[in-house]
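You will see chain A twice below: alongside chain B first, and alongside chain C after that.
Entry: the complex of A and B
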């Protein structure tokens, strides 16, 4: 290490203000052993990276790390979306927030902080739900990086990105880099929608939340957590049915805490505290800052490699799932593997195919035709759209309620281009068709 | 990125092309419920009711046991399924106030696969079979209604009498139950 350099050497094609990015530029301007054939290191690549528009979903524990990492990796056009506001309990690890920020939206505070610290980076924040944005919005980005804490939100964005893929438009394929952490464990994965195994294919990698039998809660609690769950599930319902439980309302948590405490006393159980009550009711798994840092770093590396067109080989096509565990018992360990695409995945296993149809036909005639159409060959189809149940073969009540639709014309039931989902007991998988009216 | 796209195009050549306008798509939860509904075996003792046939995520199941202590009753359960199904189990509640060791007065049901043992590979049929079983074999060792469980354990004949009177809308130990006879 040289202690001091009087004048830093200035490279021909890299101007003085790139000094901060010296090491990054070393990577971006040289070919390495893992550089893809189609990647062209050099000044153009630096520009590609700084012009890439990327979306970060979530500005929480992972999101703060991701935003910081991207900004320090040469990304200059970053967008972030988050619906939450800052809570005092976030401050220990969500380092872009300060005590004075409590109550403010995460996305805008995080964006402002990073913009202040890394000059030249633009971060556009959006405070709201991902579900409120349409395909046009998601279409503007080159890559989507998720630092989410909910399976529901991940399923939604995954299905949206898969559904956006349009063969006539290369721009419609949005790589998704997803990070997730839970305590000392975490995972980072790369999804090329419709090409590689999607979030829905991988749904069974998430163990459902451990629950205690209801009867244990109701009769023989053994742990302080049982008393809290009892207050949460049974006592609230019995005594305050008309109030909707707001787990962010201190008065509600206090009520549950007092109930749980009384029950614990009754059974001679010690250890119910206010913060434990909050933790159990909100299903808080203590977040570990180092896990977030490791997973976010992996996600940002992948985004960097994808956007640079393969300056080093990225995950996704061969290995696409990296799991990490840093828990004391099993040591620090990572394992990266290929999670295969599922043929019967309800999201990416069977993308909607076009089906031309005469909209003057009745639903019944259409169903009869399905049995003969070579692309379907369905004998007992059940059909719905997102909005409507068109015809159900079973159960009997639903069959009866949807039977009148059989006599109605397709054009009364559907819009041109609408998607239908068809299930048939003879097939394991469901079929999706985009109905294109021929007349 | 262009490399990815050219690979995608190759992959696509073998398949049919997709195009067209974008409309709301059937959700993964809807698809799964649709599949589960088509595989329900309700038999003669059960039926479903859909208040809104377009909404298959919310319905009522009626069980009318033809044997056992609860014979002659008509029991209603509401099924509320969220978009996280099958990751999350369906939320099932009895909509009547009934005297049963595994169902409390609010309608909560103690059935392992509705909570701690739920797995996404289970389907709605597994749940309705489980519910049906609760009426054939009420289980005193997993009580939600402690008094009912105690009665079942200590005095089976007395429990049977209590079941009969509760189903008729009568009182059992100062609690008035809903009339559930057919």
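Entry: the complex of A and C
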């Protein structure tokens, strides 16, 4: 436990003139019909809110909105962490950045902007990876709000927060509020680690797009995307092996585009464009300011209701997931529901998850498939059973020793119903699967 | 084959394309051009945040112009809820300050402001003329709201009327009488129209030619016949065994599926064939007649599309041309797209060209109908440009998914008057008994406007007084009284009788919402203002670009339950 938490510089604000917070105080000082019994509107509640230390992960499209929203919701001690720098394509939605900021770190530019605009708010920025911070760091916060586009980073923080829960210490439970967007769609969710369904329980809501088989790319392309993937995966490797592909380098994208275009012409395929090349190679997801605003505000609204102990009912135990769709048949559609906790969740459950598998596959084919299976999505798995090591990605000696297993069939290596443990350098935990043979 | 495709000249992205890359992937250059042509007027009032948040989401993607009309000066309280103000803004006009800080977000956008009081502004003639879209935030004087609503309707200007109070918000859209959307962006899977049951001649011939040696093909070729051709092949076998009839019902379709499955070769190393798996998987969804939806039929049947009527806009001319096409062929024009499927490159491209050629033929036919209709049509200003082939092509591609919204005037409840629900009475009263609908919240907002208007300080009809601004308890009781009357009026007009306990439950839950609304005292919570500003901006973008389907016509936001709901009123 961290006892020595630095005193926020704004503590005495509560006694100061609240003229600026007149509107917010209407809600903070009055009890409404949906206010929780545990919540006591009034000066104490205002103080609780201004003392609460909150962590924002990500200072991009969602993060910029989240920082602004928290600053204007009575939070005074906000921390933000992000490893990225500002790119020109961020400017259509990340409204705390200007053209002159391109190249600077997102976290510090965003923090300084909001501090300047909203007087009395302290925002501590950290430019770096979430994986570089330890449990002591995460323990100091009352709630964690994620505005990340990377699934991997969200799985990492989720597993960390679940791992931190100590049943004897209620303070060790850090509510996690998570938002994500894609085009006109998005989702906001609240996770009470170990108590409610966690990010990993919900992983199948983010099924990865099926990859195109390599043989299609190599011999029978039919779509412009196939030609681009061919240039990306096969041509670059064959012709420019010595260069490291930088998808942010226009010269590299141009090279891929020209290669893809020539291949498309050869097969009579129409439709390869520069923009499509960039989209496929960088796996670009469309993003707009308005969707970010909706999802970020939905997340901050939940954080506000949670930290105030229920100034109005919050998501969590009953409903915990809101799906938003702005491009459907009815214009605007939200579905707010309870996502159930899974007993076989590798992070918060205690049972091994069943995985159906064709036992005729080789271990290598199984490993390749793991990246795509919605319930696993592991790219560099190391696999072992209780007794034996099936395949190790590292160290090199162990890799070499286990490599021959790659060519062997699953049925030669495992029994039907046997449990395997899978670890991946991206995550600090083991994923347990019970292998059920389908044939 | 190579001469079919001319590689486009290398065109790296322009700086604008770079900046707008993530949104151009949603609404393309045509949508962006429409955005840049637009000029939105924000009539701001009250605590003034939701409209400014909406503008933020429109300035960032590059709307052409915006104008803020607001006569308020910046107070200390504004700084606690509105992000587009600074301490130095205190005492200055809110319109000017917000305009300045919004403009900073995007140098390509032109911002303007008017600090004249709303009453004198709207009293002048033709004041709405320069603006393409009007966004109003409540509360404003209801007489003025009614006047703007009427003028905007007359001039076919879309109006967005927004409430944002505490944990609640509401967006009401008033679209023109006929608001068509061609580019609705349906799910690509839904748009696929393969004509398996009723193949056109070229497709039938192509399939027969490509599958005539199916039995004697080597394994490689057999495993690469596109599934569409497999389905057509087995369908002709089925028909020859069933007096020329295709599978009619679910049972026959599953029998047909087994017939297709039985063609799979399994004596290969894979123990099966991917193209046959695809064919088997596609049977149930592909063996349907491509009938136009009831929504499309309704558009065909509308008065504007009638034979005796002269069509005056491109939309109606093309719709009538497509209607004629449908009457002659029994089907809509072919969209012409083909999903990816296991196949050799050459076979796939050939098949794709069969569909594309038919689509082009259909476009040409529709275009010739349209040209005939267009001739001699005296168009009313503002007249559309002459119909282009591109326009017809885009229309035909989306013909099965075009949408027509019939705009309705805003519902306004003035103090001491009874709201006339008219044709909305039935759906509104049904919504009241549906626990998933947020109808009670809509009633609370009607009550909110009525209360505010009744409590406006004398002589200042433009600055209504919000419930709960000073006396929470008393105002909450008054609001409860108004919503209860509204419920009874609505049920009476809908001739609907609800028994207890349901009746009391509806009254109780509506009263609770009215109380929660009163608790805010007319103030916005920044989170809800920001969330609603996002929804408003999405709807404005959809209406400006005429892409995607906008809300028809009221969207409610409940920040307590984290829910939204759309009502057609």
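Quick notes on this structure:
The rule is short, and it goes like this: the second predicted complex is superposed on the first by the 312 of 439 C-alpha atoms of A that agree within 3 Å, B and C clash if a C-alpha of one lies under 4 Å from a C-alpha of the other, contacts with A are read in each partner's own complex, and residues count from 1 in each chain.
FYI, contacts are C-beta pairs under 8 Å (C-beta built on N, C-alpha and C of every residue); 3 or more make two chains touch, one makes a residue touch a chain.
Bear in mind that the values here come from a model prediction, so they are computed numbers and not experimental data.
Of the two partner chains placed by superposition, A:103 touches none, neither chain B nor chain C. In the superposed model, A:354 makes contact with chain B only, not with chain C.
Chain A residues in contact with chain B (one complex) as well as with chain C (other complex) do not exist.
Interface residues of chain C facing chain A in the complex, by the touch rule stated above, are 1-2, 4-5, 7-8, 10-13, 15, 17-26, 47, 53, 56-57, 60-62, 76-77, 79-81, 83, 86-87, 104-107, 166-167, 185, 224, 340-341, 343-346, 348-349, 468, 472, 512, 515-516, 519-521, 523-528, 530-531, 533-535, 537-539, 541-542, 548-552, 555, 559-564, 566. Across the complex, chain C is touched by residues 19-24, 26-27, 30, 32-34, 65, 68-69, 72-73, 88-89, 91-93, 95, 98-99, 117-119, 183-184, 188, 220-223, 250, 254, 257-258, 261-262, 264-270, 273-275, 278-279, 284-294, 296-298, 300-302, 304, 312-313, 315, 319, 322, 324, 326-334, 336 of chain A. Looking at the complex, you find that chain B touches chain A at residues 1-5, 7-9, 11-12, 16-28, 30-32, 34-35, 37-40, 42, 47-50, 53-54, 56, 83-84, 87-88, 102, 104-106, 108-110, 112, 115-116, 118-120, 142-144, 146, 149.
Only residues 36, 38, 135, 142, 151-152, 155, 159, 163-168, 170, 173, 175, 192, 194-195, 200, 203-204, 206, 208, 210-215, 218-219, 233-234, 237-238, 241, 306-307, 309-310, 316-317, 346-347, 351-354, 375, 382, 384-389, 392-398, 401-402, 415-421, 423, 425, 430, 432, 434, 436 of chain A touch chain B when the two sit together in their complex.
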